[in-house]
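Please go over the structures that come below.
One chain, chain A, links the two complexes that follow: it is found with chain B in the first and with chain C in the second.
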Partner chain A sequence: MGNGRAQCRRLGQVLAEACAEALPKPRLEARSCAESAKARWTVAHFFEGVCFGLFLSMSIVTVQLGQCGNQIGFEVFDALFNDSHCSRGLCSKRENEAYQASCKERFFSEEENGVPVARAVLVDMEPKVINQTLSKAACSGRWKYGQHSCFCQKQGSGNNWAYGYSVHGPRHEESIMNLIRKEVEKCESLSGFFIIMSMAGGTGSGLGAFVTQNLQDQYSSALKMNQIIWPYGTGEVIVQNYNSILTLSHLYRSSDALLVHENDAVHKICVKLMNIKQVSFCDINQVLAHQLGSVFQPTYSGEGLFHYRRNPLGDLMENLVPHPEFKMLGVRNIPQMSENSLAYSTFTWAGLLKHLRQMLISNAKMEEGIDWQVRPPLSGLPPLGKMSVNKETHFNTSIANLVILRGKDVQSADVGAFKDPALYTSWLEPVHAFSVWKTQRAFRKYEKSAALVSNSQSLVKPLDMIVGKAWNMFASRAYLHQYTKFGIEEEDFLDSFTLLEQVIASYCNL
Partner chain B sequence: MLTRQRGLAVRRPSRYGNGETQVHLRGLLTENLNLNLERSGATAATCGSGVTYGRPAPLESARWWARNTEAGAGSGPVGWPCRSMTQSVVVQVGQCGNQIGCCFWDLALREHAAVNKAVLIDMEEGVVNEILQGPLRDVFDSKQLITDISGSGNNWAVGHKVFGSLYQEKILEKLRKSAEHCDCLQCFFIIHSMGGGTGSGLGTFLLKVLEDEFPEVYRFVTSIYPSGEDDVITSPYNSILAMKELNEHADCVLPIDNQSLFDIISKIDLMVNSGKLGAAIKPKSLVTSSTGVFKNRQEKPFDAMNNIVANLLLNLTSSSRFEGSLNMDLNEISMNLVPFPQLHYLVSSLTPLYTLADVNIPPRRLDQMFSDAFSRDHQLIRADPRHSLYLACALMVRGNVQISDLRRNIERLKPSLQFVSWNQEGWKTSLCSVPPVGHSHSLLALANNTCVKPTFIELRERFLRLYKKKAHLHHYLQIEGMEESCFTEAVSSLSALIQEYNQLDATKSMPVEDLPRLNVAM
Partner chain C sequence: MGRRRLRRPDPADAARALPEAIAALSRTLPAAPSPETFRRAKFDHPEAAPALWRLLFRVLSPLPADGASASLALEAQARWVKSALRSQGYPRRALVQLPDDGSQGGRELLLALAWLLARGPLPERLLTQSHVRLGDEIPVCECEALASPGLPAPSVEAEGCVDIRHLQWLMGKLRLQWRNLMASQQEQCALLGKIHSYTRGCHSDRSLGHLSVTETELLRDPEGGRQLLRRLEMENAQLEAALEWRHRELIFWQWMDTVLDACSPEASPLTFLPRIPEPGPGAARLLARELQTLQEELREAAEARRAAWQAVVGGHGPEWRAARRALQTAVAQDLAALQRAWEQDEGRARPHGPRRLVLFFRTRGLWDFSSLSRDQTCTPCTGRSSWQHVGSSVFPAARRTRAHALGARSLSRWTSREALLSIFITTERARMACWLQGTPGGPDAGEGQWSPSSAQTQPPVWDQALPGPGCEQTGAVGAQRVPSPSDLLFSVRGSRFRARRPGAAAPSGRLDRPRAMPEG
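Moving on, here comes the complex of A and B:
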């Protein structure tokens, strides 16, 4: 690992230098040399031309795959749109408009009749969910999907990763990639792809892995972030552990970052925080969309700057994925509660951030039931050594964290506690490992809210579980005939196991 | 129609054989009456053909259903939005297969009529009248389909070898034609009995034909197994010979036995007539009750038994017909439930057997539905999954049930069930938002469980008893292509299957432990 660490350090330095050179300098110049407001505007305008849309967001093309991907995709766009168009934003009208414009440029394109069209491609191998999704969006009347942006077939992949990857993928490669290309052509400038898929089923996972690989081949310079829905521990699909290891290992080779949401964790949030008695998939997807919205809605591009970040996907990767061995990201947010409770609650930044930090280090997915006993290791002491995946309570070491704050008095929020070197792995300086994004614009109905995207050990345990279960099944050769039927051999499984054991070991050794 | 006229009081008759043999290939009926090796009155054939090629008047729901499930149907324009694009072809072979198929079509139509009611309120009467007064009724009541072939005489060899080769080309031609009409043919449902001649012989012959001709289309077989005290003396021969074909050529087999169906009916009768629940049960909600078209006919135990099986098929296909927040496609069933190619026998149970008229469902009752699905007396085959080893289990729920209800019940039931060491979380679930007609919710549980083994062992014992004496063997050996090796191969195929189950059962007492994983050199 010694080599790897040195590499990372170098990479971090290079990135930081590149970043310092690329953007902040011209902006500083712009501010210092421009005396009057008018001059400032002119210079800014000049730089807009130079930097190509300094104030305009780069666009993200979303690819929704399979039943899960399409259902969540809809909720995400709906959440983004509704948030950017809600009347309260607790900020000035001008600022709200800028926020709206930024969100729109990022996720929607305009059609002639004025209804925004999601920058999305919908792919499924059976028509039911896509039809449902299209009509739900059309019914909202506020935004919709493009008329020619979906691809569906008549027969699903039957929970078989191999079928999605080896049969549906090659068979429909051209049509799907064409749809994506058309969507890309609509963007003035493309930041990257957001690919929403589950990893348990067949279409989302198998075809998703195939499409991501193709995007990597055809758009190697665009970023690819995969939103992955981690299945419930039990009950959805019996072969989910096989499908999951195949998905994860393939994405690890072709994607830039994997943003993971665990169904079990989100389900708990629905029960405990949202007070939903009978949790439905719709509820789960809405919480998920809320979390994603709180990450991807516009934020200011820097401290003291009042225009919006133009390439959040790029910035996010730059901040959070310093090394290709570590690309699993998780999201936590606070506060999260039902609308009824929200009406009677007030928050302080100090309180929110204190909870959020403890959620991070004690690896809690929600603010209820946080273990306050967990403390960072005292600095100066030698590192704790290899993490054991079986240990119950454990300090959750991070590689990198990004805190996103939205709402009233956001300037006053103190994020110093996140800069503690003890939170991070030794080979990355906190200054490189931590970043914060802010905006005064409140998110949805929350006067103040915070989201934390982190690259940490917290996914090691669920990953280890899945690999372990898949390995037990693999040892008895159960279900393998279903995969070899479509060309995925034992060797492919072994490759996947090897890669993921490596990932687990790397995260454990932070 | 002999078998149908026997009442409850007499000895339960066999549902196959008695000289009657019938073959129906769904979707090719009207044009193809000569294919029916049938002497008795109309059965499902008429049902289906009436629907499929019904009057030009827009029988939307029926047509929609027909188009989406049946090959060769729906040649006219369809006004109903297509919710599903995959099709299945139901192949009903023999008397038993046809009776069940008939009930299935009837229920399926009723289900779609009921859905229509919710969408287009004024359609209801029209649809029902159309069915009752339309060609369906006419054909059903009056038309007799008569062929010049006298059946398979309870001889698997006659069905398999004689009729098989005789009709292979004709059947194939019709099957190809039906497949051409299908947008996306996903599955063949074969309904047959194991003990008789035609269902067992020709039914399993078709299985091989289908495999060769449509290798990509799944083959689901609903097989009715003979009871111990069965009146067809050669049924062990027929069953064993058929089992070999099922082992080799089916993707999934749902074994069902008459005795279990009969026990379920008795249980319901007892409940209804005891007066304890009588008035509280919602009319027409019995899993056994027959429906619209059959209303005037006096109910016989077979109708009730057939209805149970028809309901099973109906629930099995519900996810491909209606929407739900968690769809289960038919191909997912074999993917999730069949860990090894041969172990594709799934024990099924249907709950609830009836719905109480009271509309408010306490969660307790919903939970009862889940508990019942695992109890011995709700299984459609005499087997006790609770005390055997699960390889995998699917729960297919219909109605207003949420994922949280499902999860709660799985957690609740898991400790009392034993799963094989490498599949401790072997659950597959699906939610379909449309409940069956007359119910608020329902559950179909499919279990790949070693509890099917006793049925197979018993079958083998009965076979060996006959075979040792060479009883009736000459009836088989005189058929061209039949040799003694057919019997020995069949019985060793069954023994191999039993052995596989034995090996799994042997792991039952072993502690579940994690195996050493791959090591990573850092």
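Moving on, here comes the complex of A and C:
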């Protein structure tokens, strides 16, 4: 059986080399965006709508799955809303309004009494978390979830991926997809789906994989980005590695991009940067929401242009994940600190970008403890030489990077350091691999802030670890019967292993 | 150039008429170059060259020139013109050898322009491209032209070897851009649908019933009306010039003969020879051979499996064999019917070109089709007779709609209870493919069995376009149907659906639904 993993790995490598991944064929798809039966607007109102509609951004429907997904989803909406209604935008009033409108159109829909309603669908198999989430949103009083946008049941999945995927999924497919459809129909124009879920649990990951697959079937031309939460290395669930590989391999087939957050890394950020003594899940989720907000809030659509990007999800994917074998994205933020210390800090763009770049190449998740010894390999070395250098210095090669800058004097920020060809894989020019988005509007209370979304080798190591652990368990057939009981057979596991080995091999051979 | 032989003008007239003919031509062309340019070009004066490069660039560009493309550097325009002409099959080598800076080549460019003029209805094409659009137009193409190989795609020879991952990356980018484009298109459709439904009843032409975007814009902004008038006058002038050019064409061609004579014969071969494709590198052949071997192996393996399988199921008795035979016959019949329907369609002229988009509203709770004749309901802007259909469809998922389609209903009778907002065109082929994927009609689907109760529990959200006038069946079905609160509806030609029902609705269900198969 130990030989088996080697075999899988070989197979994965062969596949990677052959680049056998066939591009999924685009399919014609039609979609209803809104219903006009109830549209009894006056013509004047309508014109207003059209005028705005042309400049506002395309909407994203968020699907929150499981306990983790729902808790994070709430924090994300809260962060987005609070930021866009934050008084200290450090920009003109008009610009602030455009920013607000853009954010609102993307993530919220207006209800009749003026309270924005999140474009979200909440799904969990236990009512507890959903009820908490709904009441928290209602308590804030500033925004809320839709009245009929949640789905819950009485019984969870017991951390069994197979149960979520093969039992809950098919059983509740219709109700869940109906909820999503209703949400989609509320959008004037749909950009895509943002699916928040954990990777190692039962409901979020199993059902999440199932729902993503269905979305791929039904909305094949809409974009799908999955936000997945990587479990703690010292996990609390014995089968988390099984669940993880099953989730990852299924999402790799049906999703367009996987935005990965590691619990360990975010935990460290909470302890070291935010100075939190007793880190709770709520703190972790807030950091996560902050990172996501800094990526998804509006930015200008181009250098020197002052209107906001209409389809950020589409643009982000176009820049970062066009290749079907490289779909894993990581987010890094700078600066990130508690509000108390923020008051006593000033930043320069040059300093922030220098740190951010070093965080990227040395594969650090936060500003503290960056290894400044890591240098990019000399460009000009043949790819093979480059690889061996990488091994020595743990240099993190990127495929593509997107830097998002928000705040004062953003036009003066120089991102030339990110355009170094040595940072990127040999088969992609920096012109294709690097992009930068900017806006003068400050994000939350940070006068200047930068976020980096990168498609790089940084996730290979944790992925390899998870696959290795899962393989060891699989080799001794541990806990397999819990999966075969619900129709996930050994073959499915082997498929997942092969696919992930291929991903690892592809990322290693950059 | 049939007309050339018909009229033979007096040479004295010709001397006077030539400037007029050229003036007419130049007024027809975009940006109206001065007629003097043509005369200078004949003698290869360098000052004529830049204007002609620009003219050719505008003539050759597939889209009406916008600010961005018109402001391209002359050098880029010249390069583009060269490659576009080359890809259209322009044979003269002298043009390619001209310098890229666009400073020379008046005569060669004149010849190229004449070649384009002689080759097809160039002024007509340009006029169609730039005509003022009052209605909302959508291009419709149901003809076979798309399937035929078009112009050879311009290719770039890469230096050295290219990493396949780079190509995959670019390919993926293209795919994502395609999806973005599609999302924008759908948004545009949704907005168009809104404009049409909100302005319903505003149009003086009752058969149209609603305003188009341009018309709505005119209402909002009276200044726009004056601008539109100016544009229409300009277009009129261009049309008159085109007419005049047609009358005087012959003189121009005689003059072009003298231009051709003025070209000095060159030593190098004048024309391109067709290039013989080089045999691919050995690696490709190797790969092909490997693939072939693999294919053979696969086939052998599959055959062995099939034999084993047949041995296993062979013992299932006669009723199983009978069921299988019945199934095979049914499938063969379906296929034949499909083929017939397809072939019948082949003969029909398929619409091609832009058409005005018109939304139909339902009146008084019943589908009012019988009263609408094809010509009344839709005014084709190009004056061609048949109205294409404008598909309407709003639903992403064939799969869900299948589940929702009230169990068993033939496509043509699906209707929407809600208004339909997004429009897009499905070509005949796409619809056929869609139908093949999954038709909700089952063998048991009788006429008019639409059950209101099931519709209430599961509102059919698919907004299926209804067949247009001329399909008697639909009229009947529409009248029988329980009125539904739908507000609007797009007309669609229903011939495909009719063709698909040769006699009975039976074949539709069995092709794709295994569950309808006889079980043995």
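As a convention for this text, the second predicted complex is superposed on the first by the 445 of 510 C-alpha atoms of A that agree within 3 Å, B and C clash if a C-alpha of one lies under 4 Å from a C-alpha of the other, contacts with A are read in each partner's own complex, and residues count from 1 in each chain.
Definition applied: a contact is a pair of C-beta atoms (placed from the backbone, for glycine too) under 8 Å apart; a residue touches a chain by one contact, two chains touch by 3 or more.
All figures in this text were calculated on a predicted structure; none of them were measured in a lab.
> After the superposition on A, what does A:Glu318 contact: first (chain B), second (chain C), both or neither?
second
> Which of the two partners, first being chain B and second being chain C, lies in contact with A:His481: first, second, both, or neither?
A:His481 contacts chain B only, not chain C.
> Considering only the touch criterion stated at the top, classify A:Ala505 as touching first (chain B), second (chain C), both, or neither.
After superposing on A, A:Ala505 lies in contact with chain B but is clear of chain C.
> Check the residue A:Ala451 against both partner chains and state whether it touches chain B (first), chain C (second), both, or neither.
Once the two structures are laid over each other on A, A:Ala451 reaches no partner at all.
> With the two structures laid over each other on chain A, which partner does A:Leu402 touch: chain B (first), chain C (second), both, or neither?
The answer is neither, since A:Leu402 touches no partner chain.
> Is A:Met58 contacted by the first partner chain B, the second partner chain C, both or neither?
Only chain C is touched by A:Met58; chain B is not.
> A:Leu428 contacts which: chain B (first), chain C (second), both, neither?
second
> Touch check for A:Ile176: first (chain B), second (chain C), both, or neither?
neither
> In the superposed arrangement, what residues of chain A touch both chain B and chain C?
On chain A, the chain B and chain C contacts do not overlap at all.
> If we count contacts the way the header does, which residues on chain C are in touch with chain A in the complex?
Listed in rising order, the residues of chain C that touch chain A are 163-166, 168-173, 175-180, 182-184, 186-187, 190-191, 193-195, 197-199, 220, 393-397, 399-400, 403, 418-422, 424, 426, 430, 434, 461, 463, 485-488.
> So in the complex, the part of chain B that touches chain A is made up of which residues?
Spelled out, the residues of chain B in touch with chain A are 81-86, 183-184, 186, 323, 325-327, 329-332, 334-341, 392, 402-407, 410, 414, 421-429, 514-515, 517-520, 522.
> In the complex, go through chain A and note every residue touching chain B.
Interface residues on chain A, with respect to chain B: 1, 67, 71, 126-129, 131-132, 153-156, 158-160, 202, 232-239, 267, 271, 277-282, 284, 467-469, 471-473, 475-476, 478-479, 481-482, 497-498, 501-502, 504-505, 509.
> Okay, in this complex, where on chain A does chain C touch?
19, 21, 23, 26, 28-37, 39, 41, 43, 46-47, 49-50, 53-54, 58, 174, 177, 181, 188-191, 217-223, 256, 311, 314, 317-318, 321-325, 425-428, 432
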